[in-house]
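Heads up, there are several structures right after this.
Next come two complexes, and both contain subunit A; in the first it sits with subunit B, in the second with subunit C.
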Partner chain A sequence: MARAVLFESSLKADQIDEKINAVLIDATDVETKELNGRLRDLMLSGEKKVNIINVCGQRFIGTRLYTPERLKMEIDIFGTPGNDLAAFLNGHKITVHGNAQDGVGNTMDSGEIFVEGRAGDVLGFSMRGGEIYVRDNCGYRTALHMKEYEDKRPVLVVGGSAQDFLGEYMAGGIAILLDLQGQTHKANFIGTGMHGGVIYLRGSVMPSQVGEQVDISPINDDDRSVLDRYVSRFVERFPEIGNRLEEILNSQFVKLTPKSKRPYSNLYAY
Partner chain B sequence: MEFKIIMPRIRRELYNKEICACSIFGAMNQDGERFTGASVMTAIANMHVRGNGLGGGFAAYGIYPDYKDYYAFHLMFTGQGIAAKLSAKKELDAFLFQNFEVVYDEEIPHGDELNLSDPPLVWRYFVLPKKQGDDSLISDGDYIVGKIMWVNSRIENAYVFSSGKNMGCFKGVGYPEEIGEYFMLDKLYSAYAWTVHGRFPTNTQAWWGGAHPFSLLDTTIVHNGEISSYGTNRWYLEMYGYACTLQTDTEVIAYAADLLMRRQNLPIEIVAKILAPPIWNAIDRMNDSEKKLLTTLRMVYAPLLMNGPFAVIIGQTGRMIGLTDRIRLRPITAATRGEMFYLSSEEASIRLISPQLDRVWTPNGGEPVVGELNSMRTVLQ
Partner chain C sequence: MKSFVFPEFQIVRDEEKCGQCRGCERQCAFGTHTYDPVADRLVSEDYKCAGCQRCVVFCPKNAIVVRPAPSFYRPNASWSREKLDDLKKQAETGGVILAGCGCDKPFRIYWDHIVLNASQVTNPSIDPLREPMELRTFLGAKPDLMDISAKEGDIEIKTKLSPNLVVETPILFSALSYGAISYNAFRSLATAACKSGTYFNTGEGGLPRDMREEFGRCAIVQVASGRFGIDAEYLNCGQAVEIKVGQGAKPGIGGHLPGEKVSLAVAETRMIPLGTDAISPAPHHDIYSIEDLSMLISALKEATNYEKPISVKIAAVHNFAAIASGIVRAGADIIAIDGLRGGTGAAPKVIRDNVGIPTELAISSLDRRLRSEGIRNRCSIIAAGGIRCSSDVIKAIALGADAVYIGSAALIAMGCTLCQKCYTGKCNWGICTQDPRLSGRLNVEIASQRLSNLIFAWSHEIREMLGGMGINALESLRGNRDHLRGLGLHEWELDVLGIKGAGE
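After this line comes the complex of A and B, so read on.
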């Protein structure tokens, strides 16, 4: 990507002091490092809301925004952000008005991501906190090694379905797949190596699609309240799918949980 | 408050990690309308960070309508200095004129050599086979493949890197957008399908012959990944007369495609199951006839299984195929817009040249996604 002068302007000049209006960044021909540097500068100068337009493949958007004071910012992305969107995200809120690529929320710590479209492979990889909502489908290895720690419990809600290796080596957190297109879950190797966390699938799944380390069980009332909470947020955030909350919550769900916290403890014990 | 990162050692001792991986891109107009290389150069440049400037290349279909009945040989003559290059060319010319009717030949036009590292002399010849004696019994394809293997393994510093009809490869050491500019692909050529590659070499040294695409006749391959079964594949292909001389793992995919698709006439659906077969426990769950087919393929073609991560775009006259390894360890995104069909490592590159898309999806591992011309007659006429 060729370097170009960064265009930046305030939407309403008279309200600059309040710092509540979105700053506009035109990302045309702006490189990854420069774009993230600009976001950091804006955050440190007190901006609370940034719109980035013409995003086309710039990586790591939203990373490098940690401060000890935990400053927070809302970032709206128009276009197609590149790989590892919101990697290490620290409390910020990111909305993608379009599709996202691979590695969304890689090792994110806290914050929220909304994708008004589809996401690519390794969505929520090593995520350890925060919430991700994807309206449509996602690719391979979703929630790969997602984990939880003390009060941190990451949540991932996907409106469509996932491809193979969903929840591979999953160690914690909640992954919910709503399969709103009504296709059955076709993924294989679901939960391979899973040793923590929980996956909720709307509809059903064949035992052969699921890793040997995983139990498939019906949901109970506690599970229903978890689903109620996060599916409500999902439906509220993506009104374009229609008011389907009741229908979704009344559907059949299955719960996938690990049989053991240490599935490989005997692997090398002869 | 800003944190300062303290450098524990002096800068020159630090290993600077580059974000990297190869990039692949393909665009096809399924109505057969031809377009210049400008848009694919723009698209691949958007994935600049996936490569490191040590290889870039293009395959273009439909670029030589005036010579469409002749095989277009693209040759590179390497070696230190112009004398070595010309001496390789002299030797090649003697061989070529003896075995082929050459109707036209010229140096491939290019831009300023100073912008690239050590460019070879690149020449094209439009030829027909001149089969003599026993050779008249074999097909043109077999004849040409035999002669290419002879050139690539016997003539020092001469490599045939493109040999199909009405198509051609252009490649070299540099970023793909630089190679595109060097060969002026945005100005001189129009194709109905382009595939492109930006390279980040992992196992072998970068050189002009080692850039992608790899090709034989009209089949071309651009590849992101690493073929860890290269040794086995190479040994098997050598039994069928393919000499792996270009020092890059991707070469075996091109020759495997030639063996399976041209010589053995297998459809791409079967070829995909040979190169990227389902794993055994998936085969166990299939019905009896599928199980028998897949088991047979795995037995007969075990040495052509491509192990390791890969995403490839296979180009052929009239079609473009995307395929990944069976567990998709390398990314590929497919998209359509009207008559246009796209394949790319990243969706953003497609959006850059076609912001509106009808459909975007990521094909399952081991399942080929195929774009074909709506009418083959458009190309063949």
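After this line comes the complex of A and C, so read on.
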């Protein structure tokens, strides 16, 4: 089993001390079900902070942490968590010191996720609330069918770019792709079937890359304040990308929004 | 554009009987009847009529008859009236023809070609009024082997058992979402389920918060591709979670709850903005394979702390038995199989009437497939789609199902007449609508009583039929095809059903 090294992350020395004071789980050779059971037991016994080291492919971390009292926990993962990290997440804060795989934040309701690396496919699928920050790139079908409801407005910020089907069926929320490597956005079928929410792309996008139901427009002052808020948070959280806040915020952005909240309203004969 | 489509129905009013009370005018949300004050009489416009019979039932003088319009095109075996009318509608609108309810085409109904057995002489029949008759059913995975220890007469089960649903009768209410149906209809189903010792299924529209505490104990909560109203609390408030992959009325496609039906309360329950289309994509976009399905099943087990069985609902299609085998291996505790005649609030008619296979054939091939692979114990089968009466239920069980879902039958119990106009949101019976004026017509107490009565009556009929066969527990009938014979079926049909012909 591959071992991820604890100190490969961007933590400062004092942060590491603090982390080490938290409860430590060594996930070496621990199966998914057992690991998540241990996390749940720790939460129920009142622990607020847990570090899990040597994580290698264990799935659904954070998923079994719902209680009617809505206890909250902060989890730091060292290594590579498996698929569906934080699926149905209910208010917890999870940091991955490494890469994440597919399905991060699947149908999550609230909470925060930070990935100090890249994320796989179906990132933020159907998420209704909470925030996800991914330092590097992400895969296909990102922000698919993201929703929003009343005060819940999910936010996804990706430092790099995404693959095809970004924001497909998007029904709410905010997805921000910063393309910090400057490789330009190469995804196709962006926002196909989109009927809510907004996607901000730093740089530009060709109309041929974007679904029929999507409007491309320049950003206005309101958009700038949204970007300011979440990009600041991103830059603060990932100091390793350097002090690029101003440079990023002053770059060109395009905004993708749906043409209609009712894309299928004219499809039927009554 | 002038429409060339005939009215579907003709309204005949007996002017002698009509008392001009204008009840029909108030009853019809389609605006079929209007009062002409000058002539002091009611005028009816045939082309607006949905044929739901609400005005007929509620006319205090029995003055109204609604019947199929006698106008006809020149008879033509190939070009039926329905084909012509649909084609004209599409020529006029360029739209997809929508329909509600299940497939109404004359495909063979196998229930009506299967007969049941009864005891004569050698194996005495049982009178359910005098002797105990067990209909209680456990839905969920059963262990491969049961390890028990007996100490001084006390039996202890040592094997860790999977969570199971316990139903007092093998009839559950099928997934009917709040949003598709009215709050009162939804609440009536929940009330009746709790009263009758069975379960209702929330469908994909979530479970209103004010109902969770009272009705969570008899709820199966559904997770569909739209993921509406789903959070950890919702997943944990019911007794089982069902992943909806497919629906018999519209296999392979998703659903669009039109913005008009997304009222404030529906928006709250689905957790989506008011008035937007609630779009369920055709596939779950996190499920593109059996492995992905396995992942969602596991995620739901994690989210519910392994305390609830997970069901997977699929439509019966050509290769579904092999797929179902994969679903069992993916960890599903229950498979719900929905056949060709399964109902819906709205589906493209072309899909509803042409895609999928009948439930009867599906149950048998699924049961036999899982038995032949030695994994039948790992999941229960709930059969759905076109169950109309207690004999359909008992035949489904003898073909291999553990229990059945009823949807259309439950709606009919509440007043539905299968007029198929569910998608208009103007249901005069207050079932399939979000208009408070219409949904207020459905009284929860009365509707839930009608549903409980139905379950009670069917359950008793099932006991009678079981007793007649000399069987005192439903379990002994499950997959027991010896008690079935086919009438008027081809060899291949008997083969698929796994039954003999009558007289054999």
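In this section, the second predicted complex is superposed on the first by the 246 of 270 C-alpha atoms of A that agree within 3 Å, B and C clash if a C-alpha of one lies under 4 Å from a C-alpha of the other, contacts with A are read in each partner's own complex, and residues count from 1 in each chain.
Heads up, the rule we're going with is that a residue touches a chain if its C-beta (ideal position, glycine included) is under 8 Å from a C-beta of that chain, and two chains touch if they have at least 3 such contacts.
Remember, predicted model here, so these are calculated numbers, not experimental data.
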First, second, both or neither for A:95, with subunit B first and subunit C second: neither
First, second, both or neither for A:107, with subunit B first and subunit C second: second
Which of subunit B and subunit C A:126 touches, first, second, both or neither: second
Which superposed partner A:68 touches (first subunit B, second subunit C, both, neither): both
Winner by number of subunit A residues touched, once subunit B and subunit C are compared: C
Contacts of A:193 with subunit B and subunit C, given as first, second, both or neither: second
Touching partner for A:28 - first (subunit B), second (subunit C), both, neither: neither
Subunit B versus subunit C as contact partner of A:164, first or second or both or neither: first
Which superposed partner A:208 touches (first subunit B, second subunit C, both, neither): first
Touching partner for A:257 - first (subunit B), second (subunit C), both, neither: neither
Shared contact residues on subunit A - subunit B and subunit C: 32, 59, 68, 83
Of subunit C, residues touching subunit A in the complex: 89-90, 92-98, 226-227, 230-233, 235-236, 256, 258-259, 267, 271-273, 275-277, 279, 281, 285-286, 295, 298-299, 302-303, 305-306, 423-424
Touching residues (chain side subunit A, partner subunit B) in the complex: 1, 32, 44, 55-57, 59, 67-69, 79-83, 99, 101-102, 118, 120-121, 139-140, 163-165, 188-189, 208
Subunit A residues touching subunit C - in the complex, by the definition given at the top: 32-33, 36, 40, 59-60, 63-64, 66, 68, 83-84, 87-88, 90, 103, 106-107, 109, 122, 125-126, 128, 141, 144-145, 147-150, 152, 168-169, 171-172, 193, 195-196, 261-270
List of subunit B residues in touch with subunit A within their complex: 1-2, 19, 45-49, 282, 285, 327-328, 331, 333, 346-349, 351-352, 360, 362, 364-365
